[in-house]
């Protein structure tokens, strides 16, 4: 009887081999501890206010905004894979689709959770829906992210309902079936929403006329960062999915994703990354030579503060841009799993560095002649909340992997039944 | 008749005494929290010390009061606030911050090139009994919202009420003087309606000695500075505007 | 009917969906945000009828005019009294937080005897016993008030000593008292008529005399109305006054004496002055090497000083060399220089002089907190706030800001006589008592401060000279009754005497004085006698780094 | 825009932005509502049972989805793509005429030729009066032994093929037995009676479609062989004693004998559970 209590075998999808529950719990335990500490830190911030952080009036955005921008960029794989599978009918990407949805769900829910701690008055967050300022990029971000999180939840529901125990309930099973048929609609909506909020997250900084390091001119109401953010997000999204899938394969010691699919993802990522690097380079040149000087800022100034020297610009464009783009698309390097994954990691690091530079360096460099370059070190509460979100992601993914058919091939179009 | 309230601060007359900061904080019920630092404080009016970067007998220093510049064009903070907690009052040109609507996202703070916006990092509190000394015209801001100079809007409100009570449509300019202007012992701050060409402040703003900080960004701030000294006027531009050789390395505070 | 798991799921899903269309979640959402706007722990300002009162700041001897906004009987805002003839609408930065001081966390509210709680009756018994056993010293930090005369007369009867602690502006005038016999407390600077002011480290723009007086004058002259005022600041560092001065003379810190001697030598050698004075023994080369300037720079400085007369030198403390320079310049007893005010004044004995052995020392609350003298006597310290680490045997809670009626005599350095009254505007806590009240309760024959103020008003009214400056200016001679005179004063008007006659001061100086004390560099907040700063001020100085926060407890 | 906001004014931006936003929100909600409505419709039109079955079928491992003709050896390899519903299979008649080549060996189980077998381990036996008797086959019987409790449908219940016909509980495991044929329940038996249900078929008993989807003859032999192989694999784990004799004979009351085995999986595979 004891084994029945402590065994979760009846929750594991039939025919799937999973490690023993004790090993699984042993794997989860450290993450759970990190998550609990993170929740405690977040609770401190909510109860005592943001004085628990090391942010200040100049560094009004800190680690958390970097985290938000970073994980939302990496989570772009969800909408982009959905777009490729459902809208462009690239069904060879199906095996990675469920992982993409779960990763997207984790990234977006984590980002929204952190945002709720980051704002000083979370109880008033809904004011944006009540009296929005439509000129603000943040309004667009708020609307799109909340809607897209809803979409991701709805995309996650069919996966969840296919868990072994839930599918025993006929109503849920039929609902799952019907919802699954409508998922292409959601994928379309998700694509639209993601396109706008990924862009608006870039626009968030690009419109800051008062921060010439970030300010960009652009097209109509959108600064160039709007488009660069979309490009970099969809370029790094597939790379991140590759990394997640490869990590799962490494941890479980099993293979779920055909090597061919890795290559395919890498190629998509690489081509987009190359496009992004080209766009970013043109944008940087325009900004250095026209936008910034016209506001009275000589561009060398931005790079005169350690550690934000020109090496950062080089790293952003060449080391984490051009190099992985080449490795991902070049036939011979892409054929080697090690090269492919290293390049994917570089691409993800590149997008993270870009978000870091835009959030942190923008605030650190002086604007007024008598400003000084400022430094900011996050407090333990900020770091713990940050780590908590990562732990949350690992836990949700691990649970999803263990109990939900993430990589099950059975749901191919051929075998999926049509109800009518 | 819409006004464009603004001010011209004569930096040659500013002795850096800090009376304006005190008067501003007292008028606007800024809590006397002792935990805050230079970077987390609430100083809607902040006097900063600047120098020409030289040492010894050639060194020159000046004081520069920084406050909300009430930008006229493309006001950075107004544009970015997601929920209309900042608005430019069309009748006065005052950039109004409404703490009751603010969710504390601090996007406006990153948008402001003058760092003139402050976040309430702590719950406002006063030593026991001191709440009796709070200015009844100004609401206390709660923790988690952004605040800044509203050009002593409560005083404008009072002046309007007074004008209305006496049946006048326009306020008497003498009735509306922000606390910092009133407090300055050297009269370095000249406040007035910049839209009125005869207003002394408006005339001062047009003098060749007048300048605005980061005017090239193009936000048309309504706070002007003036100085006879060229190195002080050079503060208008960013450090880079002149290249590295001017070395106007300036200490903060 | 049997409830299955499926039913439960369907019900909860239906309930969740149904809840959304009811007003409940939306109302909760709205209420939560309203709650965030009205957090109960956030203090709300007191509402009540608002009125404006004119008075004077009594926190230091400068007695600046103050305008108080009162709501429900409590002061809620402070501004300068613009009609005040000396302060002219200015206050020091600390004054803008004066109305919060009475609620300072370090406010004294109980009688304390060596850190243990005691009572007024015990304190009285102890002091009365001390009085009967031996002489008593009373130390006053703000002489000239009605309360001061209560303190003085208490001791006159008992053969005790009355000592005062004077500000450095008044101390700087001490040499003239020695050379002319005119009490330093009767002397002032006729800055309004000066054209060149050479300051030897005196913080003229940063807490010297009434804050409004020189800064206003300087601002007007800088702005170009009236002849330009040349402010030459000899200072060891680029002080606040030096940054704004017409010319900054960077000298070695503490070498003001040598610089004064050097300048005087040039003036006399080159016959740049009409007045005669003793030749300083210091050679120009020595003066140059001591001050770190070149001899040419000192020569140039001397010529610049006399180029634009009248000129006056201002010392930061009791420095006879600088006073001697004024004698050489002819500024002692001249228009634009050091003048004697019209009203006769008494000569005070400074508390710096050795305190005679006494049975007890009573220190008034106006004496700066850090004033401390080695004594075996029993010390009775009055104070409104606890500045920390007091050696006094008794700590007696005194009234705070505007909690008792007091009069405001002429400010130090003023060239003109003034008189004002600061009525009690704020309700004092029940436990406080001023030193004058304390002594009156021991010796009931003493006149109360209120009666003395009445008598002084009567004197001024009878004198029929001067002007009463309130909402408008009224000549005293035109007033019908002393009641009207008093009524105006109580409402915040200031009595101003007649202009001083420059010839009231004559200094006899045969030999160049040997340097006595060198000026102690004092913190900018040293002029603030209260042991604590307004909490708002200490907060702002911490948050702005505009100044070093003063090194005081709770500052 | 909404109540209680002072000084709010409409601009073109609001109109464009909010129309877009609400269009998106409306689409999302329409999707959910549509899915829910379709679900309700499926239940109303009795399509839910079929959908559930098809969904469960899709979850079966490839090895459990073999075509009956492969089991009978008529074709070499064929995966059923019709959810075991041969009544609608276009290929049925094409393959059914081929000669069967099933291996013949004793499995130690009794299977009679006059019964038709459902893949959910039930048999159907036609009676003279045109009704059918339904019972658990011997493999299921040996697995379950004596169930702890049985929940039978009421007489008169209309059953659909693959719908849950009755439920049994054994050692905390719930077993849902699928109905082998369409029809109304006219009699209820139990484990002691040796049969569980008497059913009057929806179509006439002579209609070829009534029983077409059920296994018979050599197919049963091939099917059971694979089932036994599966069971053998599933029950052979390091911490369970040999469950089956080398000859592959099932011992009765296997669930009681091997409480440690993963019965949830075994039962789900055996009874084509969800």
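In this document, chain identifiers A, B, C and D correspond to the written order of the chains, with residue numbering beginning at 1 in each.
In the analysis below, a contact is a pair of C-beta atoms (placed from the backbone, for glycine too) under 8 Å apart; a residue touches a chain by one contact, two chains touch by 3 or more.
Computed from a predicted model, the values in this text were never measured in an experiment.
Across A-C and A-D, it is A-D that has more C-beta pairs touching. With centres computed from Cα atoms alone, the innermost chain of the structure is B. Annotation: 62 Å between the Cα-based centres of subunit A and subunit C. Distance between subunit A and subunit D, defined via averaged C-alpha coordinates, is recorded as 41 Å. Mean C-alpha position of subunit C lies 97 Å from that of subunit D.
With centres set at the average Cα position, the gap from subunit B to subunit C is 29 Å.
In subunit A, the residues touching two or more other chains are 121, 124, 127, 130-132, 135, 139, 170-171.
Counting partner chains per residue, subunit D has residues 8 touching two or more of them. Multi-chain contact residues of subunit C, defined as those touching 2 or more other chains: 36.
Those residues of subunit D that touch subunit A in the complex are listed here as 1-2, 5, 8, 11, 13-14, 16-18, 21, 24-25, 27-28, 31-32, 34-36, 38-39, 42-43, 47-49, 51-52, 54-59, 61, 81, 83, 172, 260, 262, 264-265, 268-269, 273-274. Listing the residues of subunit A that touch subunit B in their complex gives 49-51, 55-61, 118-122, 124-125, 127-128, 130-133, 135-139, 142, 204, 207-212, 294-301, 304, 362-363, 366-372, 374. Every residue of subunit A that touches subunit D in the complex is listed here, in rising order: 3-4, 9-10, 13-15, 130-132, 134-135, 139-140, 143, 147, 150-151, 154, 167-168, 170-171, 173-179, 181-182, 185-186, 189, 192-193, 410-411, 414-417, 419.
The touching residues of subunit A, when paired with subunit C in their complex, are 121, 123-124, 126-127, 169-172. On the side of subunit B, the complex with subunit C involves touching residues 10, 12-13, 15-19, 21-23, 25-27, 29-30, 32-34, 36-38, 40-43, 46-49, 56-57, 59-63, 100, 123-140, 142-144, 179, 182-183, 185-188, 252-253.
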